[in-house]
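Paired with chain B in one complex and with chain C in the other, chain A is shared by the two complexes that follow.
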Partner chain A sequence: MSDKTIYAIYDDDYVLLESAKHLVSKGIHIRDVFSPFPIHGIDPVIGLERTRIAITAFIYGMIGLSLALSGMYFFMIYDWPLNIGGKPNFSLLTNIPSFVPVTFEFGVLCAAHGMAITFMLRNWTLPGFKGRNPYPRTTDDRFVMEIHASDSELSADEIKAFIDETCVLEIDEK
Partner chain B sequence: MHKEAAIREPLILGSPTYSDISDQVLHSIEHEPTKLWKVLMTIATIAALWGVGCILYLLGVGVGTWGLNNTVGWAWDITNFVWWVGIGHAGTLISAVLLLFRQKWRMAINRPAEAMTIFAVFMAGMFPMIHMGRIWMAYWVLPIPNQFGSLWVNFNSPLLWDVFAISTYLSVSLVFWYIGLIPDFGTIRDRATRPVQKLMYSLLSFGWTGNAKAWQRFEEVSLVLAGLCTPLVFSVHSIVSMDFATSVIPGWHTTIFPPYFVAGAVFSGFAMVQTLMLIVRKAMRLEHLVTIKHIEYMNLVIIVTGSIVGVAYLTELFISAYSGVEYESYAFLNRLSGPYWWSYAIMMTCNVISPHLFWSKKLRTNLAFTFVMSIVVNIGMWFERFVIIVTSVHRDYLPSSWSMFYPTWVDIGVFIGTLGIFSVFYLLFLKYFPVLAFNEVKSILKSSGEQYKNMTDEEFKKLHPVFKKDIK
Partner chain C sequence: MEYKVSKHAKLTTLVLIVVGVASLIFGIATDHGHTDQRIWANLLVNGYFFFTISLAAVFFLALQYVSEMAWGVTTQRVFQAIMAFMPVGAVVLLVIFAASSMHMNHLYHWMAEGVMTKGHESYDAIIAGKSFYLNQPFFWGRNIAYFALWIYFANWFRKNSLKEDKLELNGETSPIYKKAIIKGVLFIAFFAYTSSSASWDWLMAIDVHWFSTMFGWYCFSGMWVSMMIVAVVLVQYLKKNNYLKEVNSSHVHDLGKWMFAISCLWSYIWFSQFMLIWYSNIPEEVTYYIQRFNDYRGLYVGTFFVNFLMPFFILMSRDAKRNGVFLIPVALIIFVGHWIDVLVMVLPGTMFDHGHLGAVEIGMFLTFLGVFIFMVLRSLSKAPLMTKNHPMYDESLHLHH
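This part shows the complex of A and B:
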């Protein structure tokens, strides 16, 4: 059976990181890592690319900015221009200084909420979902690597032998 | 391993393991509430109910039950509003600005400070709403199509900017806070043994998995949110200050207001964080995670912002005399020596003189003194808003309409009520939410923990061997 899932359970982030480097150098592909807190430096080791979520925030922010500006243009300049204190609203250009605060706030509002929603959807974490971490203790003090035997040329037993060279707490197979 | 300079003091005392940190922080969630918590909750609930009663009475009878009069049309309501918004500034400052500056000490205090921010902004937001008198028409502040021939709200008005600023600030802070909470709720979910608790935290944790990609996104989202929140923090209180600064009332019409209000807000916010954290760290036995060094760092922020506030007061005073505008000069002379001289004196003592006691290292690392000072600063900052608002208007251009402001029992009741409601929220937070961002704290254990901090690489490798062949 080639599609075996091997879980290597560690009790320290540093040991996991160094072990991951060792395993990757032996040609083993690490599918995923579960940890209670971010392990800095693990992303390049297991081949994760940088997330593009910040770019989405910029796009949402720009949408918010343009919505706010066009909204205020419509309300204040086009639909019902008000003459306040002898300072009438003639054009967007002359009025833009007093529109800056709301434009900024609305841009931030859209960027923050848009990014948060994207974050939830991409992680597939939404209200009512069940946690998909393999062991409950990975959110407390256990650090787990998930390795699929089918991802590399090596057999499951060879992979386990390599893992066993490191100070692993437990090797589990599902 | 990431190393820190040896002279930096450790941020985690003792030698806790990762699960020890979870145990200590989650103790209150996983156990029955203590007697102290119950007593405080009872007091807070009584104050909150009294406040709700006063607000309902106010809504029924009208704003006339406040001590306002023709001359003093804004008093305690707006004072309390600005005071609460100001308090609400420390949380996001700690979590956003200090994150951008990579200050590791923020990790132990950002969660309780953000909770304080959110609850304080709730309290603040209530005041403009009840000040409208007819609260059921509060939706008029929103630009929605209406029955008056599409009469829109005025986007040139700072009061409307405030609506957008405060609501953006509240909702973005809430999102920032909640995203940080999700992984911690995941831990509670996985540790929970009682079914109801498991279900509740399972719902709250949104099915957090904690895999590498999720953590990568989590860190990126936190960083970008911090970047967005930083200008937001500064904009919100600047806009609050423009409620005053763009009017033509002597004493309000000053260009110094935006930076001065922001500094004052951070000043009072940090003082409130001190008040709360000094109680929390003691009552929940978190002294080794929120150390004296954390308290000292916050006191240093108080010195800096207190000095900015002091400079602003003196500048304002000087400019009023230097301007040559007699109304302006009179407004400040009246603050200093008029019937409200005592409130000006309280403000000056509490905000300008007292923070400088913190230059002494002995005093700023003394917990009892810090606690007293945090209360003093908050009283001072309340009086600052009172001085700005009431003393600027109580003697207007016509001496025949000069008057004084006397708060009624409703004024006082609403204020005490907001303190009560705030405390109820905060106590619920302390009991049911992870009070510190303990998973983030775990990530600095190896760089800032007392046990690891000044370990050599050999000692570290001996403690955490990577290969079995290395163990002898």
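This part shows the complex of A and C:
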């Protein structure tokens, strides 16, 4: 079986969703979908697993929290204690209320940035990376399904015949 | 589907009330002095706690209309049922205020004789300076207005929701729904001021020398989260007894999110109030915390950590918010936690260093809890569990995320 990549191009997100359901029911595996915005409900149809980005966000948040606390312990308690407003400057524990806002902010900062960078790294879309988008118009008004012929038992022509049954705009092969 | 209060539920409320009253009698019999004051203080704690749960349900219902919230339609009757304790709670609170006004108890020092009269032996210049706000006629005028208007709005939402069920609509939007949005806006505008000013009158005025500009928000977030806890537990209870089949895991998830979010809001406000006062360290402000940290440290600081960390870490994941195994234990623990929070708002200013969590406190809590559960379940059994003719009912039914 030759490894051909078939692109089915649509001009509506809902039509693509319904077509994807149709194709999946025929045993066709959809590798990926490119669209200008998230298509609600497409994940279970094309068999995407639930994202684990939330777990990474939690880990980054915890890292930020401990970094902030250990940083402030070093700066404000250990290395150069400053007397600010008569607050205890010799122990982290008794001075902790004044460190909470910064710790919280730093936790949020690390969680948000870590999550965004992880996401872009996983998608290979960090600045300077070469884009892998087969159809630049999917960033504007087109919706594309990527299907590999080698993923299913069917031949490329059979797959194309099934795609033709849907309201497809254009079928492309590479 | 109509809900019927099961024998088991009736028995449970009865047992709660009997155990509560028994514990109360035991506590009073074995108390050493200050018993009168202790009973009044506990009446205020529980009257306030359970009344404001009902009050927050009116707020949440109004919020549903104002924000045109679709997901909550299948659980609207649950929130309407939680409002049912309002009249009982209002009577309890009014009795307490009347007794305070007639010097039958000493919960509110500013009401005591001579505090505002120059030359009197108990004259207090600081309290006298607040007399433009803290005086009997104005106090009674505004409090009666609060109760009357809150209960009016609660009744209006309930009555019109039942009326809406009976409407014959031929594909038109229910006219009651449109009216309810306007009523919701009015209620929220009124409640935004009165939830704050009522908490000044009822709780902040106990520590009459002290003030905090965040106190209203603190009380408001406390009542809101307590109400969300009741809603979460009630929905889980009904689902377990094969009611509320229309409520799916997405609705449960949404309720869980609210409980999680408002727990964080409460913790945020608790901490902000504490941190600003701790940091600025002004004598007239820190007295509130010195009292609590010296005499009630375990209860006061302990409940903060429990009420914040338990929901935060256990309910953070998506699956936990959809699962009763996680939701119910957390909900029940922080429910007691928020009750203790009200307890330590009242006791230090009324019992000073004599207050503690004993048989009287627990007995009064269980008695009120029994009555509260009874009122809520009885109200729930009086109407079908699902509203009809709500324009977004169908959308709510298909909620999925």
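Keep in mind that, in the parts below, the second predicted complex is superposed on the first by the 162 of 174 C-alpha atoms of A that agree within 3 Å, B and C clash if a C-alpha of one lies under 4 Å from a C-alpha of the other, contacts with A are read in each partner's own complex, and residues count from 1 in each chain.
Going forward, a residue touches a chain if its C-beta (ideal position, glycine included) is under 8 Å from a C-beta of that chain, and two chains touch if they have at least 3 such contacts.
Here the structure is a predicted model, which means the values were calculated and not measured.
Visitor: Using the superposition described at the top, determine whether chain B or chain C touches more residues of chain A.
Guide: In the superposed model, B touches more residues of chain A.
Visitor: Which holds for A:54: it touches chain B only (first), chain C only (second), both, or neither?
Guide: both
Visitor: Can A:78 be said to touch chain B (first), chain C (second), both, or neither?
Guide: neither
Visitor: A:98 in the overlay: touching chain B, chain C, both, or neither? Say first, second, both or neither.
Guide: Both partners, chain B and chain C.
Visitor: According to the stated criteria, A:86 is in contact with first (chain B), second (chain C), both, or neither; which is it?
Guide: second
Visitor: Just which bits of chain A does chain B share with chain C as contact spots?
Guide: Looking at chain A, the two contact sets intersect at 54, 87, 98, 101.
Visitor: Write out the stretch or stretches of chain A touching chain C in their complex.
Guide: Answer in residue numbers: 54, 58, 85-87, 97-98, 100-101.
Visitor: For the complex, which residues does chain A have touching chain B?
Guide: 12-15, 18-19, 22, 32-40, 42-43, 46, 48, 50-51, 53-54, 57, 61, 71-72, 75-76, 79-80, 82, 84, 87, 89, 95, 98-99, 101-102, 104-106, 108-109, 111-113, 115-116, 119-120, 122-133, 136-141, 164-167
Visitor: Using the touch rule from the top, collect the residues of chain B that touch chain A in their complex.
Guide: 1-2, 17-19, 22, 143, 150-156, 158, 160-161, 164-165, 167-168, 171-172, 175-176, 179, 182-183, 186-187, 189-191, 202-203, 205-221, 223-225, 228-229, 231-232, 235, 239, 439-440, 442-443, 446, 464-469, 471
Visitor: Considering the complex alone, what residue numbers of chain C touch chain A?
Guide: Contacts found on chain C: 271, 274-275, 278-281, 316-318.
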